[in-house]
Amino acid sequence: MVSKHSLLTLAIQLRQGGFSLDVSVETEAQAVAIVGPSGSGKTTMLDAVAGLRRPDAGLIQVGQEILFNSHSGTNLPSHERRIGYVPQDLALFPHLTVQQNVLYGVSNAATEEHGRPVLQILEIQELLSRTIDSLSGGERQRVALARALMVRPRILLLDEPLAALDIALRDRILPYLERVREELKTPMIYVSHVPDEIRQIADWVIRLDAGQVVGSSVPAEAFGAETGNLTSPTRRRER
Amino acid sequence: MRLLFLLLIAGFGLSSCNGPLGHSGSVSGQRVVVSVAASLSDAVGDVANVFEKETGIHVIVNAAGSQILATQIIEEVPVDVFISADHRQMLRAIDRGKIDEGTIRDLLSNQLVVIVPSDRSMSINRPLDLIEQSVRRVALGDPEVVPAGVYAREYFDEVGVWNALTSKIVPTRNVRAALRAVEAGTVDAGVVYRTDMRTSLGAVIAFDVPVDRAPRITYPAALLADLPHPESAVQFFAFLQTAKAQHIFEAYGFIFLVAH
Amino acid sequence: MSELLEVTGFTVLMASVATLVMLPPGICVGWLLARRQFYGRSVLETVVTLPLVVPPVATGLILLKLLGRRGWLGGVMDSVGVDIVFTWKAVVVAMAVMGFPLLVRSARAGFEAVDRRYEGVAATLGASPVKVFLTISLPLARRGILAGAVLGFSRAIGEFGATIMIAGSLPGSRTLSVAIYRHAELGQDAAAAVLIIAAVAIGFVAVHVANRLGVAT
C-alpha cells in the first residue's frame, strides 16, 4: 500500500556501451524530481525502476516492495511491478483508441470504482472515442497520464511530461499533475529541466550528471546559482 | 483474411476425398497408377482411356521427367507401372530393387528426323546436304548430355558428316528447344524426334533418319516389384502391349516394339 | 476450358490452405528471430532459409525422403493410414515449405519495426508477455506479416520443383505450374499459353491486393 510516508530506495549500477550509471538515492519525499543535462542517465534510471532495463547490480525498493535486488537475485518483471510509466515520447499505442489505451492495464471490474477520479481529474471523458493521431499535444499528455494512473500504480514515473508543450499548454496541464499528487496521493519520480514545474510539483530534487548523483536538495534551493547544490544525498524529512 | 478463411473451409471439405488416389472414380472401384515419361503423357493417356472404358479400372497417369519418376519410385511412392524415356533411369530403379525385372520390356521406340523451317526454300534430302554452305546453323539437343543429341551425333558420325558439321551445331538444353529454334527460323535445320513433329507448326520434316542406321532409342516399361494394385496392374501392363495400344502409340508417331 | 478452371481453382485453393498453414509457425519464428537471443538461433535461421537457396527439386527430394513410405515421418503416417505423397496434401506441404522462408523474413522485419518502447510500456501496465504479444506486437507487425503472407502465397502459386516431386503430376491434383510444364513438354503451346495467362493474372491480383493492403512486396 502506498502512503505519504513512502520511501524510495535506489541503488543502481548499470553499464551500457560507454555509459555508466551509478546512483544511490534514499528519500521519504512523495514527489522526487530528477534534473541534469541530457545524457546524464535520467531516462535510464526510470527504465531501471520500471523494469525495462536490468541493472548490473543494486537495489530498487518502493515502499515495502523490493522490485530488484541483485544480492538475493530478485528481479520482478515489469508486468508485476505496478509502475505507471509516462515516457518522454508518451508511447501511446497507435492502433488503439483513447479508451482502449486508457483502459489497457485494467479489467472492466476495476474501472468503475477506481477509474472515475482519474478520468475526472484529467478530463478524459470526451476524448474516449477518439483515435490517437487525432489528439493535440496536450490531449496526448493527459491520455498518457490517465493510462498510467488507471492501473493504480505504486509509483508514477514521468519523463519530461511537459517538455514538448508550449507555455500555455504547460500552464494548463500542471494543475492536473498537482491534483494527481494531492488527490490521488500517488508518489512520483519526475524528470524535468524546467524550474517552475519542479518548484510546483516536487518535494525533493536530485541532480544527475554523467551517470552519477551530484547533489540533492529542496526545490527552492535547487536552482540557486551554486548554493543549492549539496555534494551528497541526504535523507529528507517528510513535508 | 475472411476470404482465406472461406477458402480454408472449402479446403477441409476437399479433405474428405483424398485426391485422385482416393477417388473411386470407376464402377468397380479398382485402379492402377502409372508413372510415364512426360513425352508419353498424351499417348498413354489415350491408351488409359480405352482401357478404362473396357475394364472399368481407373488409370492414374503420373507424367514427369524420367529422372524424377525414378527418384519417386526409389522412395517407394505408390506406383504400379513405370515407363521411362531411357534405360538409365530404369536402371536406377532396378539397382534399388524396386522393379520386377522379369517384366521389363522395350515398349516403344522413336525415330529421329531432320527438320527445316517450313518457309525455307532450301532442299535438304540427305545428310550430305547439311554440309552445304547455305546451311549455316543446325540445332540439336546438346550432344554431350541430351539423349536425342547423343543419338544424332552417333548417326552423323556413322554417315561421316559429323566432323564437317561440328562448327554449325547449336546445342540446346532439350529437344523441345531445338524444335522451337527451327520453328522460329533462327537456325536452318535441326534434329528432333518424329513424335515431336506431330503438333509442330512452322517446321517440316526434311528427311527421316533410317531406323536401321540410327542408334536404338527405346522406352522401357516394367511392373514394380511391390504392387499397390496387383490385379489391375498386371491387366493394364498387358493391355499396353496389345494391338489396340499399338494403334494409339503409332498414331502419335511412336514405333511399337512389342512383337505379336 | 474446364482444365483451366479446374487447375486454377485447385492451385488457388491449395495455395490458400498452404498460406494459412504456414502463418502460425511463420509468425512465431519471425517473432523469435526478431526479439529473442537463444542458443541455436543461427541454426534456426539457416534451416528456415534453406528452401530459398537450395534448388526446389532438392527440397522436394528431402521432403520425399521424409514423407515417403521409407521416411521416418512417412512411415509413421503410413501405419496410421494417412497418405500424403501423391495427394493434395503433398501439394500443400510443398507450397508451405517453399513459401515459409519468405513469410518468416517479412514477419521478422515486421516485428523488428515495432518500437520496443510500446512493448515495454504495455508490460509496465501489467500485461503479461503473451498479452503484449497478442495486443501490441502482433497488431503493430501486421503489415510485415501480411506482406509475408502475400509473398508466401505467390511463391506457392508458382511452386513447381518440390511439388512435382512429392505430389506427382496426377490429373485432378495438378497445379498450374505442373500443368504448364506438361503441355510445354508435349508441344501443346496453346494450352500452355492459356494456363500461363492464368498464372500471370493471379500474380497481378496478388500484387494488387498487397498494394491495397498497403504493404510493399
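Letters are used for the chains, namely A, B and C, taken in the order the chains are written, and counting of residues starts over at 1 for each.
Note that a contact is a pair of C-beta atoms (placed from the backbone, for glycine too) under 8 Å apart; a residue touches a chain by one contact, two chains touch by 3 or more.
Just so you know, these numbers come straight off a predicted model, no measurement behind them.
Chemist: Centre-to-centre on C-alpha atoms, which chain is most distant from chain B?
Modeler: That would be chain A.
Chemist: Could you say which chain's mean Cα position falls nearest to the mean Cα position of the entire protein shown?
Modeler: C
Chemist: Taking each chain's centre as its mean C-alpha position, how far apart are chain A and chain B in Å?
Modeler: From the centre of chain A to the centre of chain B is 78 Å.
Chemist: Based only on mean CA positions, could you tell me how far chain B sits from chain C in angstrom?
Modeler: 32
Chemist: Centroid of chain A to centroid of chain C, CA atoms only: how many Å?
Modeler: 46
Chemist: Which chain B residues sit where two or more other chains touch them?
Modeler: Chain B, residues with two or more chain partners: not present.
Chemist: What part of chain C is in contact with chain B in the complex they form?
Modeler: 12-14, 16-17, 19-20, 57, 61, 64-65, 68-71, 83, 85-89, 164-165, 168-173, 181-182, 184-188
Chemist: Show me the residue ranges of chain B that touch chain C in the complex, using the header's touch definition.
Modeler: Those residues of chain B that touch chain C are 3-5, 7-8, 10-11, 14-15, 18-23, 33, 35, 38-39, 41-42, 60-64, 68, 71-72, 75-78, 176, 179, 196, 198-200.
Chemist: Applying the document's contact rule, which stretches of chain C touch chain A when the two form their complex?
Modeler: 115, 117-118, 120-129, 132, 135-136, 139-140
Chemist: Considering only the defined contacts, which chain A positions touch chain C in the complex?
Modeler: Of all residues in chain A, those touching chain C are 47, 50-52, 77-85, 87, 89, 91, 93-95, 104-105, 147-148, 151.
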